[in-house]
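Which chain is which? They are A, B, C, D, E and F, in the order written, and residues in each are numbered from 1.
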Amino acid sequence: MGLEIMDDVRKDYVRNMIAEGSREDGRDFREYREISVERAIIENAEGSARVKIGTTDVLVGVKLEPGEPFPDTPGEGVIITNAELVPLASPEFESGPPNENSIQLARVVDRGIRGSEAINIEKLCIEEGEKVWIVFLDIHVLDNGGNLVDAAALGAIAALQNTRLPNERYNLTGDDTLLIEDTPVAVTMVEIDGNILLDPDYIEEKAATSRLTLISNADSTVSGIQKSGSDGMKEEVILEMLEIGIEKAGEIREKFLPA
Amino acid sequence: MKKGEDIEFIKEGKRVDGRGFDELRDIKIEVGVLKRADGSCYLELGNNKVIAAVYGPREMHPRHAQDAKMAVVKFRYNMAPFSVDDRKRPGPDRRSVEISKVSREAVEPVIIKEYYPKTAIEVYVEILQSDAGTRTAGINAASVALADAGIPMKDLVSSVAVGKVGGEVVLDLNAVEDNYGEADMPIAMIARRNVITALQMDGRMTKEEIEKGLKLAMNACHQIYELQRTALLKRYDSSEDRAA
Amino acid sequence: MGLEIMDDVRKDYVRNMIAEGSREDGRDFREYREISVERAIIENAEGSARVKIGTTDVLVGVKLEPGEPFPDTPGEGVIITNAELVPLASPEFESGPPNENSIQLARVVDRGIRGSEAINIEKLCIEEGEKVWIVFLDIHVLDNGGNLVDAAALGAIAALQNTRLPNERYNLTGDDTLLIEDTPVAVTMVEIDGNILLDPDYIEEKAATSRLTLISNADSTVSGIQKSGSDGMKEEVILEMLEIGIEKAGEIREKFLPA
Amino acid sequence: MKKGEDIEFIKEGKRVDGRGFDELRDIKIEVGVLKRADGSCYLELGNNKVIAAVYGPREMHPRHAQDAKMAVVKFRYNMAPFSVDDRKRPGPDRRSVEISKVSREAVEPVIIKEYYPKTAIEVYVEILQSDAGTRTAGINAASVALADAGIPMKDLVSSVAVGKVGGEVVLDLNAVEDNYGEADMPIAMIARRNVITALQMDGRMTKEEIEKGLKLAMNACHQIYELQRTALLKRYDSSEDRAA
Amino acid sequence: MGLEIMDDVRKDYVRNMIAEGSREDGRDFREYREISVERAIIENAEGSARVKIGTTDVLVGVKLEPGEPFPDTPGEGVIITNAELVPLASPEFESGPPNENSIQLARVVDRGIRGSEAINIEKLCIEEGEKVWIVFLDIHVLDNGGNLVDAAALGAIAALQNTRLPNERYNLTGDDTLLIEDTPVAVTMVEIDGNILLDPDYIEEKAATSRLTLISNADSTVSGIQKSGSDGMKEEVILEMLEIGIEKAGEIREKFLPA
Amino acid sequence: MKKGEDIEFIKEGKRVDGRGFDELRDIKIEVGVLKRADGSCYLELGNNKVIAAVYGPREMHPRHAQDAKMAVVKFRYNMAPFSVDDRKRPGPDRRSVEISKVSREAVEPVIIKEYYPKTAIEVYVEILQSDAGTRTAGINAASVALADAGIPMKDLVSSVAVGKVGGEVVLDLNAVEDNYGEADMPIAMIARRNVITALQMDGRMTKEEIEKGLKLAMNACHQIYELQRTALLKRYDSSEDRAA
């Protein structure tokens, strides 16, 4: 309760600052908080990455297991993306099965990876129609400072980049490389009283009533969009975000996702 | 999935079902089809058959989820088990949970929630037959059902998908185009104000294609808006008739 | 809340009318509301029917999938009946897993079909002990105007009558006829203050504290009975209902279920 | 299932277990077998072994489910995992949910619920060993446990199944008759008033057979009623003795 | 509510008595309530036992089914222990999935059986890597008079001692003996205001804030310990309990578990 | 499982990883690593990587579970899906429910719950990488996170496992020793007072071995206590620095 009131007060404060052209932490509207990416930090995982964006802290782990392909794609691996918003990460998260927020987070990251065809899923076939690799992408949020989706998406592709097939554990032979062919990057923007802000922190997320995530690839094509929030957005705002998002994704890619 | 590998999506400027690039499938809208609900709408979009019902404003349960300043909007998108080729297990799955959220956010901007603090406005959409585009069909039906229920609204929301198929940006994908095409982008908007209330994209498109898609969707939503309005007027007339 | 009070008032009103010999909608005690049956309306289903009884509106769809037989009946298909009381259909229905009402509805319809042996389940064997057809009978209630069970049971048998085996989808050959060998019809009656009423609407259902559903077949045998409600019924009332129910089922069968 | 194909159900006027058509299996009733429960009853019907416990009237949770005018009766029928040949997974399934409902409605008519508004009266039946007829055994035990708990009741409820087996209408089906016979009809009634409180039927029977079955059940319920009464009196006596 | 207050009052009363050196039912601190063990009472189970300790009444049933072994132990049977605290047994038990109390109960009993290697699980292999016996140990509590774990553990080993493999039901041949090679016995103790009490009844359980269960075997080795409760225990108290528990287990074993 | 059959656990007085019998694995403790939580701690124990967060005291939900006299302590131990070799399905399982209970009872004795009636103090432990001993690592981290959150405590709780491996009683089992050794005995205690707050054992040990194990654990917990204290002091210093 006390918490909610404090958040409400901060929300108003943040909106007033934005109306006057500045953000609580001194950032430019089009500026990200500091980003860091640590790779291969979980030895039991086939791939992993821990991404921090400001105080936001997300760990992504990749596990692979042999399993059955879908009947309509007998020669392709399977990708399963899951997000856990564990109560450790935020006073608002609760124990229990995935809710609409964690499901949306997982599905948006998943669509970005799929749409870009970042993973060569045909190379994940072990025996056509019988056995393929199931790729589990698990997003584990440790600290929710806002903009989880950008951190999760960056963590996902960074973790995939250092993923090795666990051939040995399953008595399989062959190359243990997971072929990664693109680098989708998510950029999230909010509109607050007519201003477009990149990388909202969690109070800005609350202050904003609409939000757009744009996932784009090395060739500047887009492989995922998700608008959320209870307010609409003018067409011209979305067109502007499209422009900004693709450009910013390029910067992030260059800095954090060397091919 | 090698998407669309063997399918000739476009032939002599026409799509697999004979439509032009900017052509909607047939739409049929019927208002007030259910008796127990406060508002309802049956809608066909091509082979999609959906039905929407609205209950409320009514007391919000559980009480701790009430909002002291406005009504809470709930939205549940649900597929009948027999609505798809492979029977769907009853109950929510991850896909339907996400679509419910996106659909709720698609209609929320037009609802004047402040009029009914502490209440719930509940929207239920059932997909009876599915043929690509069920979420847009559901949003269109929900918008009409909300109006039928007398929920105070600023405007109607209209929805349609665009996508990329055989290299072309086209309107209102059918099942083949949705399954094997290059990209799908469902959109909802307040047509008369060019305000977008829902936007998702999956697949792969360039910025220019997205922009082109948005234009196509805008035009189509204006058409859909007219159909929604007409259906509501017709309902209103017939109610008048009955009352007379 | 408001709703419940209104229903309470209407309940009393309806009971008073019945005590004076008439029903709210002018029907005779032994009369059904108008019945309509539409068939084969869901193309994605192997069979379907939409039944309306007054304002009650129920959609039944049939899907078939190959699957494993039960070990003790290796040569027989499997019937699975399920009912969803989705919140769209009534202000009293809630989202969530099946509750005792939807389970009872499904199970009573299911027993009617099974008891009558309406489906020739031996013809549903694809390969003895290995593969048989699983018949999913899904009852989807759209508008609850009362007496769901009669509408659901009528929808179930009508949908089965237009069901075709989806051989092609599963690369199977052979006749695609689902052999239907009987036509069980459910007739539901309530007792209100000593009067027997057929086809209760939803206010009459609330006003009544006991209810009996009788499912009978083309040869007038009975293949299902279910009493429900928190009051008992005199033996003689049940015997009278047995008489009435079988006769009324015959009328409905003749009109809506041509062989 | 070709029901009963190869089984000779009736031989020289006797059933597979040697009983006559109108003969009950052995019944054993023990009252007050549990200490924590407010009332309890252990009952054997042939090879069925069931135990019933009653708690209440006690505060009803959750509060919004309270009834301001009367007690709410809850009934939970549950099978122990080892009570059947193939281990039953713990927890409710569709069958037990339906039986719980039918059983609750079987005992409710005799409970004077108006005495305890806002409370819950909870009945729990555990099937320890199952051999056809568990729901009727459970209702008989529950009825006795309710009385043992001192719940105000108008009368006792007694229950038995009849069915059709090898062409004959018989009383109190055993497992073979239940599995392979032609029809099964469990009944509960207030025996002294010929009021039926539960009635189900599955399989196939003619009207005449059902009528005959009802008569058989009536007679049997009178016998069961006497056994229930005797067990309660015995319990009462022994309590008296202890008190003395 | 009323119940809770009564329990609170009784708790204080019991603590006062203990402080003065006596127990509510007149027992010695180191004395069990009367124990009885009935065997093979459920015909549908492969093995069963009903154990009463005072008013505590627990039924344990054993079922066996053929199933797949775990990949890392292809030649060994599988033991699955489950406890149901059904609401019939206590006003405090609620319907629903297993909670931490029923899970702990099942797991402690399970570890006792496993640690002692009481069941020869290699003899439960039907076909290496393919098919082994799955042993389901189901603990069904009928009356909770306190100290469920000792009753459940005793019931488990007693039920296992009379278990027969259901070869016939699954068309298998061979010896139907379940080889039982040890007799683990659980002894539970609580500490109340510095006193060690054996076999707490349910009020004593409430009065105590720490409890220790010790499972020991025929050769006096220990195959399970579990401390529970929200208070700590001095090391010397635990060492004393270790002594007491092993000795008492020997007495119970001799009396109720003839080899 | 033929436990430890082929493994030479002890070789020239050293264990498989080169440690002596009474030697702990490396421990690393960092305090205050999370921003949203009221208190937090990251801890490595050998290859185990765990993180603990504490929220509260804050309002207890649901209200009927409040304790009018003291705070309610909640504890949730959870494994990340990728923390183990075979991916763990998300969500609680029987093992994690039991560990959560044991861990809660391990830290409860030092929390002065009476200061905050009607509130909840919530402890969350996430296992990021698992290598035997996760529950003891989690309890150590939780204890530090509670202190970091400013929860009033009488003392710190420290935790370690002992076990029997290759016939020897050893301290702080690693994964191989845990999987194939003869016994495992996790312990938590208030080191400075020799009060044991958690104790479990599985496998098989004699009374004398258990006594020996307890002694080993006591010594180790004193060492761990010092590491916990040092980490908290370091955190306090750095906060002071920042404040200055």
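In this section, a contact is a pair of C-beta atoms (placed from the backbone, for glycine too) under 8 Å apart; a residue touches a chain by one contact, two chains touch by 3 or more.
Please read all numbers here as calculations on a predicted model, not as lab measurements.
Trainee: Among the remaining chains, which ones contact both chain B and chain F?
Mentor: A chain counts here if it touches both chain B and chain F, which gives A.
Trainee: Counting one step per pair of touching chains, how far is chain F from chain E at the shortest?
Mentor: 1
Trainee: Which listed pair, D-E, A-B or B-C, reproduces E-F with over half its contact pairs identical?
Mentor: Matching pair: A-B.
Trainee: Measuring centre to centre with C-alpha atoms, which chain is farthest from chain D?
Mentor: A
Trainee: Taking each chain's centre as the mean of its C-alpha atoms, which one ends up farthest from the centre of chain F?
Mentor: Checked the centroid distances; the maximum from chain F is C.
Trainee: Quick check: how many Å separate the C-alpha centres of chain A and chain F?
Mentor: Chain A and chain F have C-alpha centres separated by 31 Å.
Trainee: At what distance in angstrom does the C-alpha mean of chain D lie from that of chain C?
Mentor: Using C-alpha averages as centres, the distance is 27 Å.
Trainee: Going by the touch rule set out above, which residues of chain C reach two or more other chains?
Mentor: If we look for residues of chain C contacting two or more partner chains, we find 98.
Trainee: Give me the residues of chain B that touch two or more other chains.
Mentor: none
Trainee: In graph terms, with chains as vertices and touches as edges, which category applies: line, ring, star, complete, or other?
Mentor: Graph shape, chains as nodes and touching pairs as edges: a ring.
Trainee: By the touch definition, the chains form a closed loop. What is the full order round it when you set off from chain C toward chain D?
Mentor: C, D, E, F, A, B
Trainee: Contact residues on chain F for chain A in the complex?
Mentor: Residue positions touching the partner: 34-37, 47, 49, 51-53, 55, 58-59, 76, 78, 80-87, 90-92, 122, 124-126, 128-131.
Trainee: Using the touch definition up top, name the residues of chain B that touch chain A in the complex.
Mentor: The contact residues of chain B facing chain A are 1, 94-95, 97-98, 100-102, 105, 108-109, 183, 185, 189-190, 194-207, 210-211, 214, 218.
Trainee: Could you list, by residue number, the parts of chain E that touch chain F in their complex?
Mentor: 72-73, 76, 98-100, 103-104, 106-107, 111, 114-117, 212, 217, 220-235, 238-239, 242-243, 246
Trainee: Give the list of chain A residues in touch with chain F in this complex.
Mentor: So the residues of chain A in touch with chain F come to 1-3, 42-45, 48, 55, 57, 59, 61-63, 65, 82, 84, 86-91, 95, 97-98, 136, 138, 140, 142-145, 169, 202.
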